[in-house]
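These notes open a run of structures that come right after.
Both of the next two complexes hold subunit A, though its partner changes from subunit B to subunit C.
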Partner chain A sequence: MGNTKGFSLVESLLSLAFSLIIILAGLELFGVSRDFFLRLRSGSEDRRAALAALDKLESDIGRAGRFLAVPVGLGLLDGLDAGEGGLKIEGAEEELALLRDIEPGQRRIEVVDASGIKIGREVVLGDGTGAQVFRVDAVEDDTFSIDPAAGAFYARETSRLFLLTRVEYALDAAAGIIRRKENGGGGQPLLESVRLFEASYDEGPNTAFARLALRTKEKKIYERHMFPKNMSRAFRK
Partner chain B sequence: MKGICFRKTCPGPSGNEGRRPARRGAAAVIVLALFLMFSSIGLALIHLTQISLHAGRAGKNLTVLDILAENGVKQEFGNLSDVLAAQPFPLPLDETRAEAWLSDPAAHAGEIIETALGRRTPTSSSGGWEAQTWKAESEFSLRAARPQGSFFEAEFLVAVTSRSAIDNLKATRRARLEAALDIAAGNLPLSRFPVLLDRAAGGGNPPEPPSVEGLEIDPGPGRAHLARALVTEERLLPVSAIPSMERALQVKLLTPRNLTPTLLRRVLGLEESPDPVPEGVYLIRDDPGLGGVYVQGDLRELVLGVEEDAQVLCFRGVGSEWTLKFSPRRNRTELTGPEGREVFNTLPQAVVIVDGGIEALGGGRPDGSGGLRLCSDEEIPSILKGVKLTIVSTGPVTIASHLIHQGVTWERGIPSIKENGSELVIFSGGTGLSAPGGPEGGLFVGGDAPQELKIQAELVSTGAGFALKGPARTVYLLGALQASEIRLGAGRLKVHLDPGPADGDDSAASELRTARPVLLVLSLKPRAWSEDE
Partner chain C sequence: MARRGFTLIETLVSLAMAAFLISGTAGLMIRAARLKIKSDILTASAGLVRDRLARLRSLSFDDPDLEEGGHGEVIADRATGRVFRVSWQVEDGSGGRKAVRLRAEPERSPERAVEARVLLDASLGF
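Up next is the complex of A and B:
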C-alpha cells in the first residue's frame, strides 16, 4: 500500500508553494539581472557614443591644415582654431587640377573637373611662397568664378588649387547637443545629452585637447589629447 | 484523464494502475525547465559580453593598425632622409648629361631622381613586431621644373604610403605622407651650398675637412642632409667672378686674361699704355652711367657703413683715403678722394674689384671728417637695406669686425632675418688676375676681431681658404661659405644658411656658379599627412 500512496494535499500545496517561491525568486533575479544588464548596456552605449564623437573629432582634426601649409603660415587661414565657442577645422577636401596659369586680376578659373564645386564653397590657390583664398560665385561646366580676383600670378606647373572644407563643432547648451557643421551647412547632432564640451589647441607643442561629459553620467568625463599632424611646423616651413 | 502531473494524488481505485514508474517526479521536470531557462539567460548574457569584447577588440586592433601604418610612413621617410644624408653631394655630372637634363627635365625625371638618391625608384621598406607588420613605399613624380639659365630646379612630389596588417586579421589600414623633394642640377649658384670644401681649389695638398666640434651648420628646415661640410675633389669654385667683373668694368670678358693692362687703362679712363695701372681707387664711368669700383694695390682698410639713407665705402691705402657714398633713394653718388670730390646723379654698380689684398674689412661709423672709422666691437649695420654689394679681390682679405645688414638682429647667436633685400658677397682670389709672389686669395678672421664675430655674407675663397687667426673665437655666419680649405683651430664657426640671396633674378650671390655641372638635393620637406578615415 505504501508504494501506491501518492502525495497528500498538504504535500502538493507545499510543493506548489515552494515551486512558486522558486519561480518568483527566479523571476525577481531575472528582473534584477535584466535591469543591471540594461543599465550596463545603456552605460556602454553612452560610452560608445561619446567615444565615437571623440573619434569623429579626432578624424576631423587629422585633416586640419592638410595641404594648407602656405596659407596657414601666411595667416590667411587658421587650420585649427579652438575657443569657448567650440572648434573650427579647415583642411583641403580635394585637389583641383588647373588647366591654365592664373593671371593677376583674373576672376575665372578653369579646371579639369569642377563637378565637386558648389557655389559658396571656398578654394585655396597657392604656390610655394604665396596663397589666396577665394569664394566660388558661379560654376559653369569646368569653369568657376571667384571672388576676389587673383592678386598675383600663379603658374599652372608650380601652383596647386584645393577645395577648402570647414568643419565646426559647437555645443548647443540648452539642448545638450554637440553639433557638427560642415561647410556652412546645418549643424548635425553628433552627440546628445551632453553636459560639458570643451576643446583647446596649443600651437607650441601642436596638441589639441577635447573633453566632454554626459548628463547621464555626472562624474564621468571623456578626454582625448590629439596631435594634428598637418598643423605641425615641419609642414609649414 | 491521463495527465502527467500529480498522478499519485489522483483518488480512485484505478490510481495504482495508471502509475508509470518511468515518468514519476514532475518537480524534476520543473527544476529542469527552470535550469534550462536560467542557463539560457546566463549564456545569452555571456554571449552579449563576447560581442562587446569583440567590438572592443576590433576597435583596439584598428588603433594598433593606425599606429603601425604611421610607423611605416615615418620609417620610410626616415630612410629617405638617411639616404640623402649618406649621398656625397654635390654629385658631379658630365656636360652632355647636364645639357640633356636642362633641355628637357621632364623626359629625364626618372634618371634625375635616381641619380639624386643613388638607388632605383620606387623605394620601399617594411617592418613590424611579432604579428604586427607594415609595408611602406615611396613613389616619386616630377611636379615642376624651373630652368634658371645654366641650371634648373626640379620639384618632385614624394608619395610615401604605408599599409599595416596584423596576422589572422583581414582588416588593414593605410597612412600617406606627401612630401616635396627639391633638386637643382647644372652650374649651380655657390650660395646653395651652406659649406663647401673644394679640395682642388687650394694651392697645396688637399686639406682635411674641419672638425665636427668646430663647425656647426644650420641649413634650415628640410635640409638636414646639408648640415655637414660638403666636399668635392673636382674643382667647382670658379677661377673668377666674371659676371660681377663685367658689371663693374662695363666690358664683356670671356676670361680674366682678356683684361689686359691696355684694356684696363681704357676702362679706367687712363691714358692708353702697356704700363701697369697706378695704385689707387677708380670709380668706373662710361656712357651708360657708372660702373663699379676698381682698386689697384693693397688696401689697409675697407670700411663699410650706413649713413642715413646712403651706403658708404671707405677705402684706405697707404697714406691716401677714398670715400664712396651712394643713396639709392636719392639716386646720388659721391666720391671723395685725394683728387677732390665728385657728385653724380646716378648710382654705381655695387661691385668692388681689388687687384690686391684687404688687410682689414669691417663695419664702421662716420668719423666726422666724411670717412668711416672701423668699429671692431660694436654690432652696427654696415650694409644698407636693398644694397647688393660684391667684393672681389686678387689677394687675401682679413675680416676685422662685424658685417651686419640693416634690419637683421641677432639674439643668442640666432639671426632674425627680415625682408631687407641686401646682400654681401666676398670672393677672395676671384679676380682671375695673378697675384705676384704668393698664393691667390684667402679669407681670414683677424686676430683683433670681436670674440663673437657676426658676418652676414656669402663667402668664397680660393688659395689659402678660410681661416680663423689669433685666439679661439666664435664666428656666426649668416650666409654660406665655399673655400679651398677651412681652418678653425680652436675656434668655432656656426653657419646659418640664408637661402634668400640665391632667389631673385638680381641676386648678386647667384652670379657665382659652380665651374662644372653638379646635382644637389636642396630639400626634402613633408607637405601633408592623410590616413584611412
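Up next is the complex of A and C:
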C-alpha cells in the first residue's frame, strides 16, 4: 500500500465553504443580470403596448366621418366626439348598393348584397343635400327593414347608402383598462394597467389629441396629435 | 509532509477567468441598456415627426406655419424625458403645392434624428 492520504476535515470544510461562496456569487450575478434584462424587457413592452394603443386609436380616428360629410354637416351624426367619458368615432364601414328608389314612408330597402348587415346596426342614407340615419330591425336575404321610415324621396342614381360603424373608447378607471367598443358590442380591452387616458377633439384646427400613462414606476406620458382628415370642414356640405 | 497550496499562476488564471465573466456580463448589460435608450430616442423622434405632421396637415394651406422658409420648436418629450428640436422647411411650389421637409432630433444626440417629407396640395381642401 502506498502513501495514500485523503483530505482532512478542515480542508473539506474549507473547500465546501469556498465552493458555496463561488456558487452564491455566480447565482447573484445571474440574478442581477436577469432582473436587469427583465426590467428592460418590461419597459419595452409597456412602451410598445402604449404606442400600439395610440396607433389603433389613430387608425380609427382616420376613419372618423368617412363618407359621412352630409349627415355630419347636418348635425345628424358627430363623426368624432371626445368628452370626459372617452371618445366616440363614427364612420362608414361599407357602401350598400341600392336596387331601386326609396319613397317617403318606405320601411323596406333592397340592396345588391345585405350579407354584412345585422339587426341593431345603423345605416345612413343620403343624397347631396339631405340624409337620414336608420336602425336595422330585420334582415331577410338582400332586403332589410329600417326604423324610422324614410322621410323623403331618395333616387337610386343620386343617393348613397352606408353601413355605419361606431367605435367607442373609454377608460375603466377602477380596473385601469382602456376598452374599445365596436357597434355597441362588449368592450374589448385595448390596454391594461392604465393610469391616465385623456382624449380631445378641437374642431377649429381639426386635430384630435390623446394622452395616456401606465401604472408603472416610470412616470412616462405618451401623447399624440392625430389628423381626422374626413372631418375636415371643406368636406362638409 | 508535502503541503502545497495554489500557485500564483493558478490563482491569477482563475481570477482572470472570473473577471472576464463578470466584465462580459456587465458589458452586455451596458450595451443592452444603451441600445434600449437609442431605440427609445429613435421611436420618440419618429413619434414627434408624426405628431407635427398631423398638426401641419390640419392647417389651412396659407397658415403662417406653412409659409415658405424654416420653422421650428423645442419639445420636452414626456415619454423619454429628453428635449427634442422639431424643425420643418417649407418650399412653395407651383400649382398650389407645398413641399414640407420635417426633422426631429434629440438635443443631446442630433445624429439620432428622423426625417420625413410630405407634399401638401391645396386642392385637397384641408
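Assume the second predicted complex is superposed on the first by the 207 of 237 C-alpha atoms of A that agree within 3 Å, B and C clash if a C-alpha of one lies under 4 Å from a C-alpha of the other, contacts with A are read in each partner's own complex, and residues count from 1 in each chain.
FYI, contacts are C-beta pairs under 8 Å (C-beta built on N, C-alpha and C of every residue); 3 or more make two chains touch, one makes a residue touch a chain.
Predicted, not measured: the structure shown is a model, and the values here were computed from it.
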| item | value |
| --- | --- |
| Partner contacting more residues of subunit A (subunit B vs subunit C) | B |
| Subunit B versus subunit C as contact partner of A:37, first or second or both or neither | both |
| Partner chain(s) touched by A:15 [first = subunit B, second = subunit C, both, neither] | first |
| Touched partner set for A:186, first subunit B, second subunit C, both or neither | neither |
| Partner chain in contact with A:158 - subunit B first, subunit C second, else both or neither | first |
| Subunit B versus subunit C as contact partner of A:59, first or second or both or neither | first |
| First, second, both or neither for A:222, with subunit B first and subunit C second | second |
| Touching partner for A:205 - first (subunit B), second (subunit C), both, neither | second |
| Contacts of A:69 with subunit B and subunit C, given as first, second, both or neither | first |
| Contacts on subunit A seen with subunit B and repeated with subunit C across the two complexes | 29, 33, 37, 44, 229, 232, 234-235 |
| Subunit C-facing residues of subunit A, complex | 29, 33, 36-37, 40, 43-44, 47, 51, 205-207, 220-227, 229, 232-235 |
| Touch list for subunit A against partner subunit B, complex | 4-9, 12, 15, 19, 22-23, 26, 29-30, 33, 37, 41, 44, 59, 62-63, 66-67, 69, 92, 155, 157-158, 229-230, 232, 234-235, 237 |
| Interfacial residue positions of subunit C with respect to subunit A in the complex | 21-22, 25, 28-29, 32-33, 36, 39-40, 43, 47, 50-55, 57-59, 78-81, 125-126 |
| Touching residues on subunit B, where the partner in the complex is subunit A | 6-10, 15-16, 19, 27, 30, 34, 37-38, 41, 45, 48, 52, 143-146, 155, 178, 220-222, 525-531, 533 |
